[in-house]
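After this come two complexes, each holding chain A, first together with chain B and then together with chain C.
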Partner chain A sequence: MTEVKSWTTRRDAKRERLAHAGSLLDGKFAQTEDVVALLEHLIKPGDKVVLEGDNQKQASFLSQALVRVDQARVHDLHMIMSSVSRPEHLDLFEKGIAKKLDFSFAGPQSTRISQMISDHKLEVGDIHTYLELFARLFIDLIPNVVLVAADKVDRDGNLYTGFNTEETPTIVEAAAFKDGIVIVQANEIVDKVPRVDIPADWVDVVIPADEPYQLEALFTRDPQNITELQILMGMMAIRGIYEKHNVQSVNHGIGFNTAAIELLLPTYGEKLGLKGKIVPNWELNPTPTLIPAIESGWVKSIHSFGGEVGMEKYIAARPDVFFVGPDGTMRSNRALGQVAGQYAVDMFIGSTLQIDQFGNSSTVTSGRLSGFGGAPNMGSNPTGRRHSTPAWQSLRPAGDPLGKGQKLVVQMVETFGANKKPVFVDHLDAEEVQKEAGLANVPVMIYSEDTTHIVTEEGIAYLYKTDSMAERKAAIEAIAGVTPMGLRSNAQQLADLRARGIVALPEDLGVKRGQAKRSLLAAQSLQDIVEWSKGLYNPPAKFRSWS
Partner chain B sequence: MRTIWLFPGQGSQHPGMLAGLPVADRQLVTQVTGVELDDRDYRDSVKTQLAITILQMAQVDQLKKAGWVPTAVAGHSLGVFAAAYAANVISKADVLAVVKRRAQLMQAAYDPAEYGMGVILGLTRREVEDLVAQVDGPTTPVCASNQNAPTQVTVSGKKTAIKAVLELAQQQGATKAKLLNVPVLSHTPLLAGVAEQLATTLHKYELHAPQALYLANYNGHLVHELDPLAYDLSHNLAYPVYWDTMMDVAMELDLQVAVELCPGTVLSKLLSSKCHKIKRIPLAQYGIDDGLYLLDKWQK
Partner chain C sequence: MTEVKSWTTRRDAKRERLAHAGSLLDGKFAQTEDVVALLEHLIKPGDKVVLEGDNQKQASFLSQALVRVDQARVHDLHMIMSSVSRPEHLDLFEKGIAKKLDFSFAGPQSTRISQMISDHKLEVGDIHTYLELFARLFIDLIPNVVLVAADKVDRDGNLYTGFNTEETPTIVEAAAFKDGIVIVQANEIVDKVPRVDIPADWVDVVIPADEPYQLEALFTRDPQNITELQILMGMMAIRGIYEKHNVQSVNHGIGFNTAAIELLLPTYGEKLGLKGKIVPNWELNPTPTLIPAIESGWVKSIHSFGGEVGMEKYIAARPDVFFVGPDGTMRSNRALGQVAGQYAVDMFIGSTLQIDQFGNSSTVTSGRLSGFGGAPNMGSNPTGRRHSTPAWQSLRPAGDPLGKGQKLVVQMVETFGANKKPVFVDHLDAEEVQKEAGLANVPVMIYSEDTTHIVTEEGIAYLYKTDSMAERKAAIEAIAGVTPMGLRSNAQQLADLRARGIVALPEDLGVKRGQAKRSLLAAQSLQDIVEWSKGLYNPPAKFRSWS
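So, the complex of A and B:
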């Protein structure tokens, strides 16, 4: 008699694993002190494991436990992580508990991960942008076990993830409906959660942590560190891009350049008469530097990828602006935020470390593998987009009957960066890193073909207006200042490009360099921002320079 | 609380630095090496290396006696030996024997009148390497050596070759390019033979797996196993000290405090330009008592 094929192997395997851990579980609940034993029972060698590893939120109790499992029982795991942030994330590989890694961002561990790759202690599957990694959780990186963090869990196992929901729903969904095991560390077990972010039906195991999950304030920028060059560039961007293209929706990449723009809206933007005319809608983590603009009536809505430590009371008091549940606390969602950033915003504007002669940019430098995070997604033109807005449509190429608009992707940099080294280079360091790390392709962050504008302290290059690579290169050289690349440009070329509107200098935009003063910022310090927020914003200790 | 202990090499030694050194430690040096330490005169590299090392090991003892254990250790050049001692890799007496041999081998290798080191500020490593390539040759040996900060590179080799590189560096826009006053040549492949001899010496002593995270000079990597650590001890003098990379890794280890052992405060200063998150305790500035007070205070 022929063997009957089983179609429930995953379901059966899951049931067996949970049964095997039965003595450690009371329903869905485990004891804090049993965490290592639990992981040893529920994870098998070679498993695909997602460990949270979000940008801000870290399931630190579970990661510190995972690194203590018996390597003879749990080894050669394939880790799938948005963000490699903590030292123990890499210790897993040193100890042979994990072998392979697919990830998106590794900024906080970029030196060590680069070294471990060259020492063959870690095998990289690939580096992704966030949304791309989430997508693969449903196709070819379907997890066996996911390790996530929640603020509060009720007696049934419903999760409240609050401000820092981030990628938890996405990760849990990939496991819950494909017989993966969902293990949650909880800050607190409560009788009733403020709201249900993830239903108990999706959750297998809940374990109270010994301390709250680690949370980093990554999006707070102290206005005192904004330079006058950044203010000048911010003024040019507002006039020469936000106003010119009538930008209604935007994502700001993290940095002091964009913090300057946020603080210039209530002052410089007001002076230009732009309030109510531009950027009512934002996809953005709740950065404190946007508070003055919010309070001044510039902002209608902000959807966020994650939370920001210190902003909780302010957000709860502004539910008209932020995405706040009926319980009064915010909900963030990185997957949906990345989708919105791809299809629903007019513009991405951010900074980078290097731009090459063609306009490709990267933050990857030799000896460091920081990965990509969300930038390749935010900084790319979605050709699947169909709806038209004035800004998107303003980039439509003339004379093409089948033409359509394009997302504005703006890179804003000073011509010289840290250590007084040129940002504009003939070849990105990333080209070397490809070889160092054995990557299939050069780790470019944002490609030239997607980059529509570059802003430097010298001026703006409207790259979308160029019609050849030669012209694109000339436009970049014209604003590259006295870097070796910039010195290739000459007065005649510049005049020609200005005449055709491909390059604009500050004076062409009506921006006087002398106007770019600190006093133009709506807030000079975090203390000013606390005042703007009427005392609702509560900066974390490390940002407090006053008592 | 996670701490890193930083161990400087030669350069900051000064008369009087051994004032607090326990008599037993001073006597141990003589017992093991036959050398009498002299706290007034640091012209001789053997005495200097032994003095710095015993001072650091005595301070390690004091810290451990007060209950502190390092999460990570990082030695700069000579400092790797006291770092290894702090990580329980090698005994105090054995360190002294090896360091004496190291210093003697280094002294005998090249005439310090002809060979030495220079420092260049304001150029990247790649830029310095390009300049070095223009000068380096069989009769004019010079190499890019220690990397203390992103644009702070030393060069090692024959002084005439070094001077030529410094000249080129000035023309290239270096903010500073000058010879260093070092007693012996160091951190160059010219010392490969010395390294091999030192390795043979080291091999005679019993070494144990490190009980702290160890940051290696020779490649700037974090090391967990004994073999690469032992290689660093014997061979670091033939390689650049990739200090800047070591500190990049240190910043990724979730450390709260960096304790700099004596002498000097160079390593704390370098760290402060790089990173504000890690608090710094240079023992040369605070003294051991205040240092322990701060460690206790910050633990809470």
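So, the complex of A and C:
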């Protein structure tokens, strides 16, 4: 007797689970109050479960329900989450509902996650960039269940995610076409969605949430907190990098350093005659500090990973700049945005918490396992790139007939961090964290080999011009100020590095320190930005210091 | 008087064009016979136009129409095409309808495109990998018009692309959310599509095609053409790479070399006891030569860039393995597949036409500018990768505390090509082509720095173990056979390289040359594969040599 192999085990399991939950379902729709029972019927021990935690938008109704399931019925889950953001994301592990975690970013939970790993309460699969985590959903982390959030859902189950599309279509696709179960929490059930972001055919279960999904304004930086040191660094970056390399397309990391640059373009950049010459094309969350540059005509296009609270009306009124649908609302897309940030932009510029003597950097510090989100992806040189742009080509090494260009990867830091500790350190804390957490490799965010420039308040190190590790170290020391590492530099070394164009001080770039004043910013407060936006930008309450 | 700036120029232009074409449209639908007039109304001189040419599926009705427009009305287009496959794709440039081209692959048109560039009949923007071309659609190549192909379209304009989804959703998204015009040729208009692959909200114009879109079976390799040398190389690769490095996930390039490996897994691999131990997870077009391995239980999952003619029924019956929708048909996705092939697999293994003395390789040869498709993307080491797997980690250099793993990138070639010319050359023809075509860089497909292994009928060079360029050259010479490059190697050099594990000959791997017989293949013909598939695989007529 030959045993007949089944090729439909996933499909059969899905059908069985949905049948089991049948009494809780009216077509695809479930009742809000049945959410815990529903998850108990649809999720089995050991399942790979993708729980949508973008860094902004959270499937918070579903995560709060998942932590309430009966641990005797649902346990040992393998959670896959791009962002571990909410307390219950880790409560799942405390309660034994989940066992293993693959993730990308753990900003708000970075201390607790670090402790839980030390205490063996949580088994880490690995830390990823967003893009590689999404990629694995189609290869070796194929989900059994995905839990996602939508703004509006119509009676057929078509999803509208609007503005905050983020990663939802990508994670839904991985489940919908591999007999995974797609469960959606909806802010609202409507007769007709403004547009379809994800077709109903891809969706199994819709459940109205008790309250709208959590959404954080993570990319808003209030200009009133930008310091004159940051302005000085911004001026240097504009002259010594944007202008020098003819940068046309860029991704800015989150932070006050890059916010300063955004607010200097319409003032300082304009005086330099750079308008129309640099950075027309952006991959970026819609950060309010870019509004003055947009209004001044600096920006031709912005594609976004996600939305930003308060920017809805402004974006809707600027469809020439943003990706806006026929319905008048932006569509974001985290997977495609990360691909664009990796492969299609001239430059990534961001910040970090520590840089070591070789130029490796990390935001992982003692007791904090934050992950990196998209930074390693965008802050690396994709060696598969085959198209050329002037900025990329400007980093081509001389003398190699088979040479090619390189992406500009810029780290911009003050020599001492907010905690008064040196950013420049001989060894990254990440080296200790590797041991404590038992990681396969040191959690480096951006490697030295990918880092082409470092900007501090002292000057710019053009690392791509160095031709040995010793020279690279000297260049970093030269701009490391009065940190212990910086004190190793001496006048002769500095003079030599300046003469060879490996290090530039403000005066080498024609940047006057005395001009680095807050008055040089195109906006000095969020209220100024509201004015620039002609009242279209609507800051969240926590950022409103005025009536 | 202040001039009021418009922020809706793209939206207004789109509205105006669609209004202009209004007499040809009934809602979103146009008549087949009006296609040329329709394109003349909707496309303007200088537009960026994405014309869907996947390497398999072609928007052939629309491309044939575009070449018939009045050049006085539509001219100087900037064409963006992942694949230049059909004669009219280049006729557009001969006629002056188009002027500039950004592309990825030009297999069937590679000779003509090379000549046209020399004759200045065509201005090349650049040659890209698929993924970077898609990425630029969101940054600096935002389309005004996209022309795509769908299988079925319902009365609302929802698209079903089925099996051959490929790049359609990605290129449609770039236009639909930036006020570009999305024009779709449909094989069939139906009341209800089997599933929605692209929502109607994203689509502007649908036109029934006069005949179904062109579709080529590009990934089918008939086992009867696999040689014993290829079988020998396949055996070496299985022992010396797949087994040695514990490879779990892989992308195979197209060709008889990798087809041989696929057909050796259920025979040779089984004898070695490797079943269940290696390559459960694949990113791959659904190639028929993998059927015996699937049927033998080697393969847990396959995600695909596109479909393959004849594989429809087989895939539909194997949803545990392939990505199949609730409707029972596969969904492919070229953009996500390329991301997975870049970031989520242990190994890329493919072939090439030339390898230089340093290990750089290219398929661009004199007079042929073929482009590279996805090979440079998948055949490169993504330095942004942060997760670890045993295979990746096995290439980690010793002694560097901040070290990390590397993707396996394997080139597998016979020392002499089909044209009897050496594959191993001191200098790539691509160096000449760069000059002739005025390209910014030499069109290298895979750089030496990314290449970790080369397999020939002589042996395997473990390039990742070399620690100088001189040693790398010696390792390549040692496996380059009787090519002029290979003749530079000598017995002592070879003995030294073998002793240090940098080169392995068949005997070093326990591979017996005498076993490399066609009878070792799990299938020796496509007919055998049909049998393996239990009659579910249906080879295209051109591959049917029987009944």
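Following the convention adopted for this analysis, the second predicted complex is superposed on the first by the 547 of 547 C-alpha atoms of A that agree within 3 Å, B and C clash if a C-alpha of one lies under 4 Å from a C-alpha of the other, contacts with A are read in each partner's own complex, and residues count from 1 in each chain.
The rule we apply is simple: contacts are C-beta pairs under 8 Å (C-beta built on N, C-alpha and C of every residue); 3 or more make two chains touch, one makes a residue touch a chain.
These numbers were taken from a predicted model, which means no experiment stands behind them.
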Partner touching more residues of chain A, whether chain B or chain C: C
Partner chain(s) touched by A:139 [first = chain B, second = chain C, both, neither]: second
Partner chain(s) touched by A:108 [first = chain B, second = chain C, both, neither]: first
Touched partner set for A:319, first chain B, second chain C, both or neither: second
Shared contact residues on chain A - chain B and chain C: none
Complex interface listing, chain B residues touching chain A: 122, 124, 150-151, 219-222, 224, 245, 248-249, 251-254, 277
Chain B contact footprint on chain A (complex, rising order): 86-87, 94, 108-112, 115, 119, 367-368, 418-421, 542
Footprint of chain A on chain C - complex, ascending: 5-11, 102, 125-129, 131-136, 138-140, 142, 158, 170, 173, 176-179, 195-197, 199-202, 248-249, 280-281, 283, 297, 301, 303, 317-321, 323-327, 330-331, 333, 335-337, 339-340, 342-345, 358, 360, 372, 376-388, 393, 396, 401-405, 431, 440-444, 447, 449-450
